[in-house]
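You will see two complexes here that share chain A, one where it goes with chain B and one where it goes with chain C.
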Partner chain A sequence: MLSKTPLLEIDNLVVDFETPGGTFNAVRGISLCLEQGGSHAIIGESGSGKSVTASAIMSLIDSPPGHVCGGDIRFQGRSILSMPRAERRRLYGRHIAMVFQDPAAHLNPVYPVGWQIAEVCRIHGRPAGEAKRSAIALMDRVGIGDAARRYHAFPHQFSGGQRQRIMIAMAMALRPELLIADEPTTALDVTVQAQILELIRELQQENGSALLLITHDLGVAADIARTVSVMRRGEFVEEGTIADVFVAPRHSYTQKLLEARTSSRPQVTTADAEVLLEVKDVSIDYGSVRAVSDVSLQLRHNEVLCVVGESGSGKSTIANAILRLREITSGSICYRGADIHKLGRAELDAYHRAVQAVFQDPFGSLNPRMSVFDIICEPWSIQRSVLPKSEWRQRSVELMESVGLTAGDLGKYPSEFSGGQRQRIAIARALALQSEIIVCDEAVSALDMTVQGQIISLLQEIRARMGVALLFITHDLTLVRNFADRVIVMKAGEIVEQGSTEDVFSNPKHGYTKMLLAACPVPDPVVQQERRNAAKVASGGNQGAHALARGA
Partner chain B sequence: MRQMLGRLVHDKAALVAALYLLAVVVVALVAPLIVDASLMRSNLRLRHLPPLHFDHGWWYVLGGDALGRSMLARLVVAARTTLAISFATVSLSLVIGAAIGLVAGLSNAWWSTAIMRAIDVLMSIPSLLLAMVVLFVIGASPPVVVMILTVTRIPIFARTARGQALEIRERPFVSASRVMGASSLHLLVRHMAPLALPTLFSVAALEFAQVMLAESTLTFLGIGVQPPDVTWGLMVSDGQRYLATAWWSALWPGLVIASIALAATILGNWFQVANDPVLRARSARKSRVPAAESKVASNA
Partner chain C sequence: MARYVLRRALQSLYAVLMLLLIVFAMTRLTGDPTNQYLPLSASPQARADFAALHGFNDPYYVQFIHYVSDLAHGDFGQSLFKQRPAMEVALEAFPITLTLAFFTMSIALVLSIVLGSLAAMRPNGLFDRMISPLTIFTASAPTFWVALVAIFVFAMMLGWVPTSGMGTPVHWILPVCVLVLTPLGVLTQVVRSSMVSSLSAPYAKTALAKGASDARVVFVHALRNSLLPLITIAGVQATGLVNGAVVIETIFGFPGIGKVMIDSIRDRDFSLTIACILLAAVVVYAMNVAIDIMYARLDPRVQIGGEARR
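Take a look at the complex of A and B:
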């Protein structure tokens, strides 16, 4: 299969964006060579230029403001950038196909999915009847059960995982030589992610396609790619086979990426500490849907309790109930023995002072019209008795410094900060009332990996210094391991397993916990290979994997 | 306040609009001092005097109307009534509508829905019919016209405000505020109003022109402002009868209405940008790039 000319060659590519603030060099002279049937991953954090690279290959860069101002991209020896548009169009879809991050946004909501898959075939000149037949076959192949009937279903009738399967079916419809996958599993739950990656791997082998994977997730890269480039600020800082790069990273940035999640956890004994918050048999209904059923948990003084679950597991609903943002249907939530739904006015104020929150979206959780000073002071303007106004300035400076920002930042507005910095501001605000409990609802999920690491260590430091308890809600198991004292695993509104972090990770009892642990890719190619095989055996070989896939 | 003025000077289009509106307001205020009573008397020798020459003094530079009165003098006198009616109507309906909409948007309770349905009912009544009935019964005078127009404009502000409130209510910073134990009043004053107001002001700027036209419709039907009071709307409706022979009698008041509306809209947009740190930063950056400058002006 190996030909003399490589399948895809990127030669010293430079992409600039004209922004109002000046020229932004998104991609600064990268080179890449992908052989037929190879699989290469470009790893980088947001803004590193990895998606721009993919867009450049597909001529998807918005121009203006962006333009390719240097280098070349060659596909099978022919320059994509200089070929006529008509010729380029013949290439895309048939020879080069792309899978995007958000299948909900890239499927047209008003057309049946089957029609959309068949469209690719029709565009490239197949008769309609044949296109329909192959679309149904493709849907079947990517694991959509009852494909002939589901051909007529609309995108909203599928789950996120199924939509991504459909996107993959569209991309693979004409057996392209090159598949570009831009963060294909980022929006998906970890167990679904494992299935999608498996599907991509299988299809790649069947069709002999090459894969160019764009990802921020080292685990995903380790799972599927053979070679890797680590991208930072528009440049490749490290390249090589996945084994070399992951086992012996040479560049400090790669080392930092690999270290980001492996910081050690300070040992704190909290087993016999006072119980601050007790959730007893709580059920919460959304209309006729039971989102949470009979959940009980305890949060002790100065403890880090992580609630882990996939989307729809009810973990955020529980957090909202504790924050009194959501009414509960039955059961009780007690703070220091008192039911929080039966508190008097003064006691309720005390509860609000004791429990604060940090939310997921760093862009939404700060009012864009308020200065940072106003944001930090808002808790004191609501809870007047906590701090006299004359001390607001001094105390807010202290808070800013305690989260790693400066007094000078107080006069700025949220839009002037990065996601990680905004999350620091949100943490400073949560600390303003000297709370005992901080509920972090996916507080680092929207952040880049290295920034996640920084925020986690900040939370750890705050916990040790100020003696707060953290209720940490997340979908990401790898984060939890070095951070939590205890872990609760939730699925479909119920707690399936809880225990100390050591126990849950080294000796998971419930099948779902085992599956979660197995599905979570680790940034080590050798270990990941073993884990994948083990997971396959555990689920009864390929047959089982397919059955699982259909359920997704 | 000084900050806002600084930002206004920075945005040329908004500055011109503001100065123009200011000039019109000043003219309206001093109108009785500068307009001689003789100019308002009919003078049939100057009937439909063509505009744009100075044979009869500069008061007749814009020509004469059907009764030979100075167009310029009548525009100046009409400014007072017109601006007073429009301003009163828009501010009243803005305050009442925004209050209803924000409060209704903050709550999920049954009365919130009830208020909005009542607003919908109000909206579905033909405003002209309502105006005719009320004006016929009570009698036409500027305060009654203001009242009628206010009632018909409230739904627009109420629905805009409620839509904004519903959207803002779901944002995480409002949740964060609730977690701190914030009262509904706090949410309304600190989060809802500051974010909803710029949009409401933009709507108000557009409504300003709408109200001037609505007032002229009532006047045209003979149930609005009555002579000897005069408004620009009245002048347009008077003049349109002579469009074929004396185009200027409708054109000048029409141009004034259009230019005031345009200036109000530009100022409304500027207000939205000036109050939003994100947009402000963006436009500040833009204005440093010469090529983008014309774009800012056209956007404004």
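Take a look at the complex of A and C:
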């Protein structure tokens, strides 16, 4: 075999961040080699240093506080780190391009999208007219319909999936040899994710680009990459082909990552338990838009009911209606047979005691100026009759211990905790009133995979120990499988399918459920390849995929 | 857009009427001008005639009705002191104030964008550390005090510029330089802080990843986003300049609207006071509408008059 220069070489790279608490070693001597046209994934949880690695290649590390303090990055044999800035600028956008996680934030809100795509061409010396023409052609290629007109539209006028298509068009504009994709689909719905991954794969093949994919989602990595590095605390703990690493992981951390999604579910029979909450023919309008139409569901004692749907399906609207954070347009919501909109003052208090919530954003849902003790005691200071003040301390310690935190954490503030720990605090607060129902609105979506697993186990344990019922709202089907007793699938404000978890997963009846199940990538390269082919056939080959893409 | 301007104009009309009511009542509270305009020795008959001529004997509400009905015919009343139509006097003085404000704001805007951007490129760098305390000083130093010190130093001690008056371009230097300090300090701080956040925004990273130069990231990508808060604050500052002209024009003996207004209050020249205030109010409202429209031009997400750009 001919020895030639690899496209990208990372050689013993070290990146440090100076923090008030000392030096944080974000990347600790990783090495990587990517050939022309190859596709490599770096997987790991947040804080593992994978995005820092990508930023280092693009010279995008915020300095200060971060700096590359060791090793080298070579592109086509030339060291990027020791290159003059002007020369580096000629590389970026032209030979190395990047797609970021959050397209809404990474597109400049005040310029038209077409202008932003054409800008890459203009920066690298193309005349303005030609740049505009190729931007329109690119928009058309990535599946933005009516490209000539949409050229002048602004980022906020596109959906999340379309924005990511625009980012991809921007990155692929000059057919770069290397495309870096940093969590390109994390902010997107699962069906949109499948389309975007397909688009990246197609463009990569068309242009012969190499792909460096940064992701926390093993399924995404299995779907698109051929080789993989597993990153943890700034180091690669395992490397190899996707097939080797995912089928026969050697390192315990990789094994843990792969297992995180497949924990077993304790069997609890709830089919004939008492109905706690009954939602009957509820419709909810936002102005002239019907967000939820004629939805009915029942939540039984000690049951886990999962409502699954993509963004805009109305699942969170239902949760808010149950929490009485949103008025309903028609229908009724009954708690133990009594309509919650016709309750008196005292009964309403009782209802609020019975139904508590854990929200998606563990950063936004805890008041940063309140100590954990104040946060957990707040329900008692509102509902005076529940617990005398003298017992607050004792009870809050018990609650903290039941969610896996310590009494010593009570005096701290939310900013001192990680996302997972904050969600534990939110759960402790929800448990404070000994509620019967906890509504979890995307309660684990913002968390890393292993942390997700921990929170789900905690919820399972609490459910078994305290006999609460959980209404679990999520967009993530894979989570639901090992957790829910029953599943409701929502689309565009309507329930399209409901049934026991086994039925829905093994024998989905509605086309949309089948599509959701098919779109969700699995961390097994062979299975994922088969599923992808099956999905292609099902949607009528490439043409169908494009038609679908246009709708994203 | 035309509909939006029209709707805002109608809203302003209502506000101007309310303002008129208040100002009218307040001028009447300052006392009867008769005592001021007629000599002490004037006979009671002469006083009665004077008051009757100008309607000062009527109940306030009758005076107000007369005033409004005159106003509806485009008559802002006569200036007692100058014996000319009040609006004519106000309109003569107003362009001077506007010119002063225009020069001041233009200089403040250009300088603040340059200084703020430079400071934001390296937060806590040498330039930033030099500029930031200065902006705090200029933003907080009281204008009248700075004006007096400036006159003392530059006009009296050094004799570089005249102390007061208006005639040659040289007369404009000191007032503009003094007036520019407050908006310059405030706006530089605004530009700096919004520029710092724009430069660390994700879209700035996207621009760098495209291979854009630092200058392009700063002046194309970040600046346009930073202009939004700047325009809001600049609007407040510009309004303040027009209203604050009272002090600075008095100190520098500048015959702008502020000086005319002060003189008219001292002279109990009711019609002139009201004309000046109405004129200033209309300009302030027009400025606000202009700012809203500019805002919508710069930020496509902002919609005016309920018409989203979709």
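Please note the rule applied: the second predicted complex is superposed on the first by the 549 of 552 C-alpha atoms of A that agree within 3 Å, B and C clash if a C-alpha of one lies under 4 Å from a C-alpha of the other, contacts with A are read in each partner's own complex, and residues count from 1 in each chain.
As a working rule, contacts are C-beta pairs under 8 Å (C-beta built on N, C-alpha and C of every residue); 3 or more make two chains touch, one makes a residue touch a chain.
Computed from a predicted model, the values in this text were never measured in an experiment.
Of the two partner chains, chain C is the only one that A:59 touches; chain B does not reach it. Applying the stated contact rule after C-alpha superposition, one finds that A:349 touches chain B and leaves chain C untouched. Within the superposed three-chain model, A:286 lies out of touch with both chain B and chain C [touch as defined at top]. Once the two complexes are overlaid on the shared chain, A:107 sits against chain C while remaining clear of chain B. By the document's definition of touching, of the two partners only chain B reaches A:367; chain C does not.
Comparing which residues of chain A touch chain B with which touch chain C, the overlap is empty. By the touch rule above, chain C contacts chain A in their complex via residues 200-203, 205-213, 216, 221, 224-225, 298-301, 309-310. Taken together, the chain B residues at the contact with chain A in this complex read 171-173, 175-183, 186, 190-191, 194-195, 275-278, 281-282, 285-286, 288-289, 292.
Every residue of chain A that touches chain C in the complex is listed here, in rising order: 58-60, 62, 89-94, 97-98, 100, 102, 105-111, 119-120, 123-124, 154, 156-157, 167, 170.
Those residues of chain A whose C-beta lies close enough to touch chain B in the complex are 20-21, 323-325, 348-349, 351-353, 355-357, 359-361, 364-370, 378-379, 381-383, 413-416, 426, 429, 433.
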